[in-house]
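Every chain is named by a letter (A, B and C) in the order it is written, and numbering of its residues begins at 1.
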Amino acid sequence: MALQSTTAVASHTGTTGHAREGGISNVILGMILFITSEVMFFAGLFAAYFNVRATAPGGWPPAEFVGKLHVFPLVGVATTLLIISSVTCQMGVWGIRRGDHTALVRSIGITVVLGAIFLVMQATDYLALYGDGVRLDAGTFGTTYYTLTGFHGAHVLAGVLMLSVVLYRSMAGQFSKEHHDMVEAVSIYWHFVDVVWIVLFSTLYLIPNPA
Amino acid sequence: MSISRPRRSRLATIAALVAASVLVAGCNAVDLLRPPAAVTAQGHEISRLYDIVLAIAAVVFVLVEGLIVFAVVRYRRKPSDSSLPPQIHGNNVLEVVWTVIPTLLVAVMFLLSFESLNKVDAVANTTDVRIRAVAAQFQWTFQYLAPDGQTVLFEQLAPEMAVPVSRTVHLSLRSKDVIHAFYVPQFLFKRDVVPGRENVFEFNVDAADAGQTFSGQCAELCGVYHDTMLFKVHALSPEAYDAWLQEQIAAARATPPPAASAAPGQTQIDLTAKNIAYDKTSLEAPAGQPFSIKFQNDDPAVSHNVAIRDAGGQEIFRGEIFPGIDARTYPIPALAAGTYSFSCTVHSNMTGTLTVK
Amino acid sequence: MATTALTPAYAGRRAGLYDWLTTTDHKKIGILYLLNSFVLFFVGGMFALVVRLELAQPGLQFLKEAAYNQAFTIHASLMIFLFIIPILAGFGNYIVPLMIGAPDMAFPRINALSFWMLPLAALLMLSGFLTDGGAAAAGWTSYSPLAQAKYSGVGTDLWIVAVLLIGTSSILGAVNFLVTIFKMRAPGMTMFRLPIMVWTMLVTSLLVLLATPVLASALIMLFIDRNYGGHFFDPATGGNAILWQNVFWFYSHPAVYIMILPAMGIISEVLPVFSRKPLFGYKAFVFATAGIGALGFSVWAHHMFTTGAVYLPFFSFMTFLIAIPTGVKMFNWIATMFRGQLTFSTPLLFALGFLTMFLIGGINGAFSAAVPVDFALHDTYWVVAHLHYVLFGGSVFGVFAGLYYWFPKMFGRMLNETLGKIHFVLMFVGFNLTFFPMHILGLEGMPRRIANYAPGQADWTALNLLATIGGFTIALSMLPFLWNVLVSLRSGPLAGDDPWEGNTLEWATSSPPPPYNFDHLPEIRSERPVFDVRHGLGKGRTH
């Protein structure tokens, strides 16, 4: 190798946890990019929903589903809980940024529980709706309703699982003021899941029909 | 092996000669790269646009390909090249030039195609020649509509459509199942037949083409037998068309003849259609006496029939076309000894031979 | 502070099977990508030969329609989803960390996961042949309602799941590339010193990130329609057939740039090296690549001009526009060769193959941008000619250029030049013989996706026979290539670090590179650090 001018390379330990240039860490950047792709995924589902809704022959919701979706009590409470869980999640992040382990464990613990309750409430709501004739194969209304909320639910489940890992690792004391990229990354994901729900909830339950 | 300067310019000369002869040969080949002669007013419009696009494309191609060939021939590395060539990193003027020129070219092409699109896609909706093509796996039927555009005057189960020349034909497209596409190469045109929506377009066949038949074919993959969805368009003079139309309307009004059953003692041949194919590819019948074909159509909702042609290709019998699952008994007149062919009018790939002796 | 962690001692060639199965080294994963993709290229090629054999004559010779439709569907699905997209990701995997002076990808284990989804997906897709209804047969575009359960069997479900897996693999890979490129560049490697290959991987990854999830959502909706009584895409039950096309092409048009941009990147590395000149118009390349990526999201409906359901002038206009940034690249490549000193080694030959053939593919694509012309050409063999001129004439020639170029780096040995040239000539001739006649067939009205055509249809028979002969010539060209690879792996002449007098950082390390890639990095002062070192242009020179 006839390389005349060389500089020594920064040490290569093979671990890739931390950025060399400062700025956000690899894990957090990776999570943000991944969430970008998730946004596009939901965009695809929403596009289908709006297309179906706009071209439904008898207006939306179709006559047989008018008044079948209820905001209260179940969905409204679930929505509130999910929003609260975003706050508790963020409190955990703030906690560990101060190096406060107790706050981290407590807040993430509450977040996991709230997420799980959301899932249970969603399942209960599904059962009720199913009994009421709103089924996956019940016209475009049922299909879009369950596909959109179902995929959101799957994301909540994924978030709860990731939060549980965070919880487990924080109880094992693996995070510190300096090293807690995973907490930050998972919290971003959890906020994303929350935002999707707000958009989804508004779309399915709130946006009125241009008669 | 050292290539001196004169040798190199000789190489360039040879390259230029090769390029020139390719160009000459190219001119003869140009006709191969043009679509068939159009037979509709809209087709002529498309053909004109195609020629312009082809011309621009040819110029771009020859120029750019020429530059590549030139660079390859002219700038090969020679053994004497030990020092580096000039290290040119770019040139902003050139960048602008080769951004602006293609921009102008595509702008021209866009404007021309926009203009011609408006002509090709125009639907005046004033004609009273209204036909609806109905596509289904795997057949075409053509419904002739009253001027109101709704009432079906009669339906052509055979995949053959008659249209008058010199008059505007309004064609609407419906699908019973998946997506198909109505495509007649000599129209230089196709339009998808999409379930759930009705596409329409209009065309005018040239007066000079009265008496011609154009073949068409489904152009959108629609399932296993997509390749069998052929159809024909017969161009008739306006008078012939009107006569034909009245004939068909009258025939549709008449009550259909009672289904013939085989006369006792007469030979009966069994034939079945399934999966867009006959179960037999050769049949035998006695010469000089009428016989019957008992035809079973086992393709649900798909239409078939049996038609018989003599050795000269002349159709001498055409059985009723009907959708499966169902059966018909076709009475066949006495035939002279010889070899005939039989086929399905709807699916021209369903064929066999009929030996009469 | 060179704590070069070269322990355990460099294991390169001696790595056992277990190492390969569990590796997280980007170079080994890159090679696995190449290997897997090449195997599937041959399988996909076999299906193409089956198609060509059936079409050699009119009538049905070897296959019934049902089998034919499976053959071209699986041919295209393998070629697109399991050959061309992954193999370009494979090159990226191998070369991006080297080019930016990084020890590995940002997430090595996710990288391994991305790879291993691919063989699994291939098995799933091919296992369709074992089911009752056979493999997927609705074309690689899988239009609904044809792809609904009513019209197609379990093979289509397997196809959907396989493509979903591949999509997930791509998305994870894209995240990995982006973080690697944004965060792991060596000191001095600024964005405008990145090799163009890295830029193309960056833009490609953005396209994957934004487009592939939309395909995933479409596939999931189709799966729900097929298996759980959903009503998205079937008009018979209240859905919308055109919706599928919109979502599918919203992915698949950007996807065609996913399939070409990295190949353009390869060409942009090969041409300067073998011309001994810098790439002409570096920044123009960056902007053109970004421009193609951005415009790529606004042209999807040019595949739907004949549906009667899209706003034609807009999509026609945007489609025409895309010729401009691509033209900028073409002219810059040519300018790179001008006044250079060209050495006609095999990589350059394939790069020239790319230039000449992609030009044809780009131009015959632009025909379809003129909507009325597309009314004639859509769904005929003209489009088949277009897609092979860009995908084979472009991407595949680019893949081979890259393979011949980086083989010495990957395996430490040179490939045989004579065999390489035989490969090139046979492939170039065979390619044109196969696909040029398809222009004429298309104009004469031969629709695509038909197993049978009537005899006596103009000169369809002769042209089809020609295409079949060409197809087998391409297959023949693979023999000298395979022979070359197998022999050179064991006994090719040693390559040394930098056999081509390269420009970019991968040539500053050994061949093959050690784990974690570099002992020492040269100072990076331009987009050609190794060139600078070779010619003593270290200090003071700014680009």
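One rule holds for everything that comes next: contacts are C-beta pairs under 8 Å (C-beta built on N, C-alpha and C of every residue); 3 or more make two chains touch, one makes a residue touch a chain.
Source: prediction; values computed, not measured.
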Exercise for review: Could you tell me which shape the graph of touching chains takes: line, ring, star, complete or other?
Suggested key: line
Revision key, fill the gap. By C-beta contact count, A-C versus B-C, the higher one is B-C
Practice item. Find the chain most remote from chain A, comparing centres computed as mean CA coordinates. Key: B
Exercise for review: Can you check how far apart chain A and chain B are, centre to centre, with Cα atoms defining each centre and the answer in Å?
Suggested key: 51
**Study point:** Rounded Å distance between chain A and chain C, as computed from the means of their C-alpha atoms
**Key:** 33
Exercise for review: Would you mind listing the residues of chain A that make contact with two or more other chains?
Suggested key: none
Revision key, fill the gap. Chain C touches at least 2 other chains through residues 239-240
Practice item. Going by the contact rule at the top, pick out the chain A residues touching chain C in the complex. Key: 1-14, 16, 19-21, 23, 26, 29-30, 33-34, 36-45, 47-48, 51-52, 55-56, 136-137, 139-140, 143-144, 147, 151
Point to revise | Residues of chain B that touch chain C when the two form their complex | key: 32-36, 45-46, 49-50, 53-54, 57, 60-61, 64-65, 67-68, 71-72, 75-78, 81, 84-91, 94-95, 98-99, 102-103, 106-107, 109-110, 112-114, 116-117, 120-121, 137, 177-179, 181, 183, 185-186, 188-192, 194-197, 199, 217-228, 230, 348-349
Review point. What residues on chain C touch chain A, complex-wise?
Key: 1-5, 101, 103-108, 171, 174-176, 178-179, 182-187, 209-218, 220-221, 224-225, 228-232, 237-240, 243, 246-247, 250, 497, 508, 510, 515-523, 530, 533-534, 536, 538
Practice item. Quick one: which bits of chain C touch chain B in the complex? Just the residue numbers, please. Key: 65-66, 69, 137-139, 143, 145-146, 151, 235-236, 239-242, 275-278, 280-284, 306-309, 312-313, 316-317, 320-321, 323-324, 327-328, 330-332, 334-335, 337-344, 352, 355-356, 359-360, 363-364, 366-367, 369-373, 375-376, 378-380, 439-440, 443-445, 447-454, 535, 543
